[in-house]
Structures are given as C-alpha cells and as structure tokens.
Amino acid sequence: MYICKVQGKCISTIKNKGLQGLSLVGVQKINKTGDVSGEIIVVVDPIGCSVGETVLVTTGSNARYALNDSGATVDAVILGIIDSYDFNLMEE
Amino acid sequence: MYICKVQGKCISTIKNKGLQGLSLVGVQKINKTGDVSGEIIVVVDPIGCSVGETVLVTTGSNARYALNDSGATVDAVILGIIDSYDFNLMEE
Amino acid sequence: MYICKVQGKCISTIKNKGLQGLSLVGVQKINKTGDVSGEIIVVVDPIGCSVGETVLVTTGSNARYALNDSGATVDAVILGIIDSYDFNLMEE
Amino acid sequence: MYICKVQGKCISTIKNKGLQGLSLVGVQKINKTGDVSGEIIVVVDPIGCSVGETVLVTTGSNARYALNDSGATVDAVILGIIDSYDFNLMEE
Amino acid sequence: MYICKVQGKCISTIKNKGLQGLSLVGVQKINKTGDVSGEIIVVVDPIGCSVGETVLVTTGSNARYALNDSGATVDAVILGIIDSYDFNLMEE
C-alpha cells in the first residue's frame, strides 16, 4: 500500500457500468520528504475524503476485494485515512 | 487507474483469438502539467474514442473484469471518458 | 499491452515443466520515436515470429489466459503481430 | 520478494474493515550498497518487527495468501526477518 | 519473465510457513550489455543454482503456479537455467 495525498476530483459520465456510483479522485504518492511526487493515480474514494487529506491506497486485484463489490471494475482504492506516521528517514 | 490521452489506432491481423473483434488504441498517461509522457500502452477501446480524447484506463487483471467477456485476453482497457478533473497540483 | 520488437531466441534446457514445448524469445518495448528501449522481457512466442518483427505483448496473469493452457507457467506472451499503428506523437 | 528495512509505524483509525487489527509499518527497499532507497511502501507486519529490522516483503495478490485471512484487504506483507545475505555485488 | 544472474543466498529463520523448506536467493536482471543492473529481487530457487548462474525468473501470481504448491506464499521463482540467448541488441 502507499501513503498518498488527495489532489482533486475526477469526473466521468460515459463510463464502465462497474464504476457507476463510485467517487473517483486523483492522488499522488507522498515521498521521503513528505512532499507529493510522481504520476497521478485515479482511485475510488469510498470514504469521502477532502482535497489534501493523507490516505492509504491499495492497487491491483486487492482493490476489488477492498470494495467488497464483485461488480466493481477498479484497480485502485482508498483503504483509510492516515492519522500519523513516524518514519526514520524523516528524521535523517 | 490512470488518466490517458488516445494517440491513435493499432492494427493487428494475426492475433490471439481472445482479441478478435476488439478495437486497439495506443494511449499515453497525462502527467502533472497536463501533457502526455511516458511509454505507449496498447489498450482495448470498447467505447469508440477519438484520437486526442482524455480517457480513464485500467490495467492488470481488472481489464478482463471490465470487459465482462471471460474469453477476452487483455490486460488494459478504457473504462470511461474523462469530462474534467481539478487537481491541486495543476494550480501550483 | 505493449508494442515490442523481437530481439532473438532464448534457450533453456533445465526448466519448469510448465514451459516445456514453448518457444521463448527476448523482446524490447518500442518507444515514442519508434526505437527499442528499456529492459529485455522474455516472452512465449506461440506464433513463430522472426527477429525484428513488431509484436503485441501481454504481461501478468493474462499471459496464462492467452495461452489457453492451464498448465503453462508464464507471465508474458506474444498476443499478435502488429501490422501498423498511427500514433499522434510520432508526427510531432 | 524484496529485502526491506522497517522505517516506522503508520497509524490509521478510519480504515477498511479488512485492515482491522493489522499492524501497518512503512518500509523501504535495501539497495545494492546495503542502504535504503526508493519510495515508502506500507506493509502489514504480522511478526512484530522493530524499527531498523531487515525483513522480506511480498507484494501483490500473494500478500493475501501469506496472511491466510480471506477477509484481509492488503497488497503488501512482511514474510519474515532476514538473518543474513551474501550477495556478490556487495563485494564488488 | 526476465533473464537474471544469481547473486547469493538469503537466509531467514523467522518466516511465513508458506516459505518453509524453500531456498531463497537474491538475483539481479541482466541488462542490454549483458551486465547486471537494478534492484535485488529475492526469488525461490527450486533448482539449486550456483552463484553467477544465468536464470529465467517469473514474478507475480505466476510464481505460485510455477511451484505447483498451493501453500507456497511466494511472488518470484526461478523457472529455469538459461543456456544461451542471441539478442540483436547485443551485436549493436
């Protein structure tokens, strides 16, 4: 899983029926220095996060398991909101 | 999932039977600045997109689920057309 | 899926029984400028391609589906021969 | 699998029910020179590792198999503690 | 699959029961020039390879299939020993 920051909403009207009713947001991974970096990943947000929130994201086949909806056609989902982390490298 | 731009068609005559009847297009991911970048991914287009259109792409085992065709042998599919996105980093 | 160029044969005598009878070739992805680049991927060639041929490659669990052989232990397979592609970025 | 170093704990209160009761830690891969590098991966720690410990990490669908808990919604898990490794490249 | 060079053994005593009895080695991919490069991958060696040997490695869910042991919790396995390869790019 990855620690990511929510960057904004992503709107799609013409879409696969396995995405109907699901909220899509764009996120970026948080790097060693606590800043966002790298490519934008579009993930399902089942929680209702705000822009700027720090979240835990899963990708791959686990995303479908996490939604617990066998009809969902997704490969990336927010698993939770991160309260805090204390990584060694942050202190170096 | 990733936000990608459709770059053109990809034609294959001699191919796996699990690809018969499926339209193949080349896409590239859209990066932070809104430009395309990175490698070309060949994806199934079940919608009939135009070149230059902004689309949502899924990869991996989810692609087969999204097509809802157990005989399809694909690992990347267009899930929908992106109407808009408002990502924080675009405003920085 | 990716557009790749066949680079040569790969011979293995002592190997997993799920690879018996399968032809292995090394390929590289074709980049934006039409040249090959990046790492060598060893893929199963069920078609009998020539060196230098442009092919469509799938990776991951889809490779086993594409071979339609439940005993095959492979993670990358040639899905077809690419006749042509007309990607925007090629014209830039 | 990858050799990683445990970098610290990651706390999430609002989270997917498939993560309830699982300890989450951040790890980084150990590179050729024995130092950590690259992005932070959040993994389930079923062993109870200390910060700084060298561990073996699996990612992808295998993570669910390794936990042996069909309800777990995880894509990265610590498989064991690394006692030692003697890699050629370390001596170069 | 990838062509890799075996770099050494990796010892773990406290480990997942799905790894019991399996030999773990560290490998690196062989690049275009025939040299090793990139990160260290820990793989199961069901053959008994020597350090320096050139091997074929599979990753992902296929690794479990290749071991033919439903209890194995692995994501990377040696599929065979590479006798030879004749890649175009080597001659460039």
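Note that the chains take the letters A, B, C, D and E in the order they are written out, and that residue 1 is the start of every chain.
Criterion: contacts are C-beta pairs under 8 Å (C-beta built on N, C-alpha and C of every residue); 3 or more make two chains touch, one makes a residue touch a chain.
From a predicted model like this one, the values you see are computed outputs, not experimental measurements.
Engineer: Centre to centre, by mean C-alpha position, how many angstrom separate subunit A and subunit D?
Structural biologist: Those two chain centres are 19 Å apart.
Engineer: Could you put a whole-Å number on the gap between the CA centroids of subunit B and subunit E?
Structural biologist: Those two chain centres are 32 Å apart.
Engineer: Got the subunit A residues that touch at least 2 other chains?
Structural biologist: Where subunit A meets two or more other chains at a single residue, that happens at 60-61.
Engineer: Looking at which chains touch which, would you call it a line, ring, star, complete or other?
Structural biologist: The chain contacts form a single closed ring, each chain touching exactly two others.
Engineer: Starting at subunit C, then subunit E, how do the chains run round the ring?
Structural biologist: Ring order, starting at subunit C and heading to subunit E first: C, E, D, A, B.
Engineer: Along subunit B, where are the residues that touch subunit C in the complex?
Structural biologist: Per the stated touch rule, the residues are 7-16, 18-19, 24, 26, 28, 36, 39-43, 51-52, 60-61, 63-64, 73-76.
Engineer: Can you list the residues on subunit A that touch subunit D in the complex?
Structural biologist: Per the touch definition, subunit A meets subunit D at residues 1-3, 29-32, 38, 47, 56, 58-62, 65-66, 79-90.
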